[in-house]
């Protein structure tokens, strides 16, 4: 990708965080809504230019994608999730495996965003689809597939009860993603969010409503614990153990 | 501990989940509020009897602790966090290191709960205390200490901005714990919770308000990814990679 | 009980609904909070005097109960649920069976209120205790017991996910009772309430937070459908069937 | 209907709960919003194929209905309620009678959904329309018609006070359905929902805002109590009666 | 009362609105909470000194009342409503009649505050007590009594449905007072407040939760319309009639 | 108007409350949203047929108005307020005068609804426009005009502070109408509503957000107090005066 | 500008506050939404006619701007912020300097409104763009630029954490502007608003969501403290200093 | 004060921000709630030791104050506001004058906190007490006193309307402080907060509920604009003026 240069281009209307990848292992992402196609293109091009890892535009419109495509021909767009992958992680070595579990068919756009983000970050993905808790045997039938992965991202709207059930069945970290699927007293995902925060199964953590992207990024951090530890001189940080 | 027997004792008013440790790697915990000291004692004794791992009572009163102590003399109680550790993880092999970072002195009870839980689960803990974002250099001065750990648990009330800043400085998974510290428009932790869910740094996940215990349990799951993977025949679950 | 007379006594501060039992099959109940012991006593005595069915005081204090006991010696009080039964249904013929299923030990006071109310209304009760969805096999192990009853009252705080799971496993009507058990983002039962309203399993209906009494009363109405139908000349109301 | 086969078809993007009808007496329903017409068609066809009872698509668009119609010619669509009935209960034996009572003309779409669902489930329906509590004599004039049915489904927006009044006049179970009809401080049905949860007439249970479908499914469960009991060997579950 | 002087006394911590009675026909009232007994005494004494009408302290503690009593021996205190009447309207000519209608016995403190305020303002009061809508005939039996008054103040907690019913039965102005009586999803009176704001019977206006005092003051203004009109030279304000 | 007949016409989808005018002095109104033009026409025609007073359709669309116009040629429509007056009060005797006071130009549609409703009910109206509290002298300059009327309807969005100021300046009853004008933390009128409920000037009552119609109806009731009293044999209801 | 005359023109539908500039130093502004183009034009022309300072229309549509342009040819329109400047402050003497700091590119419309308003009020502006706290070094790199100004206006959506960080780094007054940028649990800016109100750095004050205009007006008041003080005879208001 | 040393003492449980005064001109403050007396003492002593300016403990208990007094004998405590001033600004040169305006007597504790903080920071204070908008002339009578100050801090609970009125009358910056004074729909200050955020008078900024301390700190920043500017080489930051 020929945009990568020593001096990152200046971008009007933006201050690109060129060092974020160095600090955090993850390049800055572009949030699409409220930006013009030109703004999205310029910011994304600048990030790609100074990054060796995966670069994303979330909730992108087709117009934003097409503006970007002129400058980054390898970019891809998934209409259902509205995710643009402007650049994939260079070394496609598998960091580990994530299960993306979704409660209903209507939750699939958010589940897609999580799965596509994870894949672009170099994570293997298995999908478990439409296994709401009203038919609990569908969840249990998938228990071993989920347990066989490293991290479970569990996506659910309406009652949002699925992550608690999954966390009670498996030993993986569970990242819960509430969705805005529902009506009436679902209050655009608030009900699912509250359910997930109050779930009784320890090991569940929660991200924002409809934030499949953030869930995959969090999974990425969990899957790089081992790699980071290898880089750190062992024992350098002891931990006092007596909190 | 002589309570561990082949046949778990029957407990009135409770259905102990004796297999949870097998399924999830974590024994069932006892939530103190709303239970009598006798109920707490009976349930905790039953869990200890069938568990080889750490066993906890959260938000316990001194009365509940003393009732338990008669049957489980090794139990410990931390008044500030109100956490009872009824049994520690048997093999105290260090799974890894967690940084427990707290924004203000008033957040310490919740931070303590996280740190004490982690320690009892066999995790080394370093504490970073009172580093709110209004004095951002205090956070940055601790950046390398935090980056040197495997997982950061970040505890903050009031504006709840600290986890985003930490996640933007480091590459560790960040588990954000909102606290009910604050007044007025903090609405008992709601403001901090919303801030954390809306943070722009990917890699942050959130638990319930004041739930230091859950944060440590989630960290425990993240730190056992490698161990679990070692137990699983590699390649058995491929991951299709095309989400 | 010598209070029952042709002319119901006048009660200061209250207008007793002496005909409610005739209209609805259920005598008026007394809501304890905000009433003096004398008010509770006078109102309850008046209802007992004109009723042949079960009479209740909910959320009663010991003082309210003792004031009542002077006039209605057969009254009983359950401290955990704070329910006073001032009079039981006269003919203790079993209308049917209700399963009172509760998610956690801390939910027991509300579950008790439901169970004790149902029993006083002439309904057989089985209890299924402490079967939260974080240990889903505990629920499934009880599936056949619940299915063997006529109505399931399912009591849960925190995430409130249990009623959906039960309704997906059985064919009984499910009355969901959210409880105020929890902390932080449970918002005193709001989270559980919203979960239950958004559950994906049709057949679930919901009552107010902590309202075990109302759940039992609703169950009573469901169990008298057959009896009422027997009293109505069949075919008198045809139903047009083309809505 | 020729789609019914021994091996249910595989459905992309969905995991059909083929056994739900066996467990719960009710086939899985399809929630329309957020699904493509093809997804709706494939899922509904699969459910019809393995079901002998009524099959529904709720909140369907005309496009979703027409896609389904190609494969299930007997399907019907009611534009006002947006309900698709893909298959009616085979034996149209009347399980009982439901009164669908609505407070205002604007509440009719939700009342229709309840009435049409009930009819397709084999329940006789009478309609009582536009009887808000601001003209209480309109309600009272219908009292005997409602009392003559087995279950009352009461649909109301704005102040949501009608179910309490109906429950105080009759002995039927009352299922309250808040609607999003209203403006200003109705907050899209929240006011009506809260009113119904706080109603003082025991015997009322509540479903989600605008959920006429769920109300009818709940009524169906209540009306099958007798049938289920006939199937169960009597006395097999005794009920201990001392809760 | 010897405190009335030409020069109103200076009051520390307060700026008494000595002309309010001239402008609005109602002297300033003292809101008790958050004030010391001395502050309450000094402010009330100053208002009494410059007022010829009724003077009130609302939500007063016994301590506040006793401090006041030293200086205003004619003051009275009603413990249930916590209302202090420091001075009654001098000419006890009856302005008209108000019906104070309350839904439940637990609503009586708020109903008392309304009734006592009205009486001290020179308004005749009739009380209609404990006529909730779950027993609608109790309301209807009182219809003629209410219709015979000039203004109805209707006090209700829980579902708050009573004012709508009363307004649909009568032609009086209806002032609705939500109370904080209830539990769970009553949210301290919010449910009743929303119900009242959404009631379908025009003619209902609403005051703050538990604000019986304000309701009586509003009734007072309604009852002085005729008196004020008599004082105004007729025709001076024409009204253009073509809005 | 030739629709008025002895036997009111039957209306599909509606149960017209033909006696409401007799009971309450106000004919039933038609709420436009959610109704088809045909439904609006049929219901309004039926009300006009049995009413001698003013008949309204609120929030009507032009289509609803035109459907009605075919049957009720005298009907009028005000596009800004969306109010249809299907029939005016027959005897246009002036009941009194209402001041409709609005805080900002954007509040005019709601103020119009109040003014047009009042005029059609036989009330003289004066308008005071655009006198927000940020320019308090504009309010004070209008003080005498407002005081010269019988009732003040005060309409305000955003901060909603105007009614309190008006009530502190005058002795008229003040009916406060919050509007949904505003942005951000106005939350569609919630901020104005809460302000009005918490205003410190007794004598203010509040109606639903944007409910200019209800405010005028309430004013109508207040203005008929004298007329109603004239019809009642004086002294028939004494009022016990000792609440 | 020839509209300025001795007698301000009368404006239908509005009561222009011609003296506001005298009292407050700032002419009245026109809030665009809910007004017709003609109303906006007439009101703005009237304000310009009687004002010597800056005159604004906020959130204007192009139609409103074009209507105004016919009468005020010097008016300007910024489509991104939708701000019309109908007249700039006459003497363009620089009152001081404001830093307009924004957290993300999507926050630019609100930041623009603040910057353009400030400039039209005679304030120099520097812009600091896209410096969210997830990349905290971007903020710190701008610390000295911000400290070099007189007032910082800090604009942020999503987590809203930026103002606290800026206030902890600098000694300028910080005016925080939450924006509605975000999704899910941002609740249209509520999360950012709460964060800002709870920030731990004293010196931060907050305006309404998306209210860049109000922030600039507040900055203007802060920058005229010195000028006002020069006009006041020094020492005239002593301040008692013993609060 | 002998605690001031070159090496700040280490404080357990806290990370004192010793440089905050250098960066922001204001030393770190101690928030009392949730801290032990020993923690408060140690932290405050450490801040005093490294600070030359005012040092505060907010919402302190008497116990916390007495612990501090042992080490900082010059500390003062105001029971009504619960403010501890551990050290006053050294040079008591008057920075300017602040008007602390409060709406009701019950708001005085918050107004005190603002006034006492301002005085300790070297600001002259005038108090305007008990001037709610229900008696608007009380506000107007104080207009010139307020206009004669540099900044107005306006404290109000209940309807929170006072700051808008003050800002419309004067040209000072207005810092609005909502208080939790009120009941019912005041929702612990939420109503006042929303009112203030939605006020139509530009120039108002808002702080957290009951945060008199923060208001005074913000005023301090506004009053040091001139001083800071004198320190900065003029013209060094130009401001581009074309936003």
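As written, the chain order gives the labels A, B, C, D, E, F, G and H, with residue 1 at the start of each chain.
Rule of thumb we're sticking to: contacts are C-beta pairs under 8 Å (C-beta built on N, C-alpha and C of every residue); 3 or more make two chains touch, one makes a residue touch a chain.
On a predicted model such as this, the values are computed, not experimentally measured, just so you know.
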Those chains that touch subunit F and also touch subunit E are D, H
Taking each chain's centre as the mean of its CA atoms, the one lying farthest from the centre of subunit F is chain B
D-F, E-F or D-E checked against G-H; over half of contact pairs coincide for E-F
Taking each chain's centre as the mean of its CA atoms, subunit A sits from subunit D at a distance in Å of 37
Chain centres from averaged Cα atoms put subunit F and subunit H apart, in whole Å, by 45
Rounded to the nearest Å, the gap between Cα centres of subunit C and subunit G is 58
Among subunit D residues, those touching two or more other chains are 20, 31, 104, 134-135, 167-169, 184-186, 190, 193, 197-198, 200-201, 208-209
Inter-chain touches occur between A-B, A-C, A-D, A-G, B-C, B-G, B-H, C-D, C-E, D-E, D-F, E-F, E-H, F-G, F-H, G-H
The answer for subunit F against subunit G in the complex is residues 104-109, 129-131, 134-135, 137-138, 181, 183-186
Residue positions on subunit F within touch of subunit H in the complex are 103-104, 132-136, 139-140, 158-161, 164-165, 167-169, 182, 184-187, 190-192, 194-201
In the complex, subunit D touches subunit C at residues 20, 23-26, 29, 31, 94, 96-98, 100, 112, 115-116, 118-119, 123-127, 145, 148-151, 167-175, 193, 197-198, 200-209, 213-215, 217-218, 220-226, 228-229, 232, 236-243
Per the touch rule, the subunit F residues reaching subunit D in their complex are 13-17, 19-20, 28, 31, 33-35, 39, 43, 59, 178, 180, 188-190, 193, 208-211
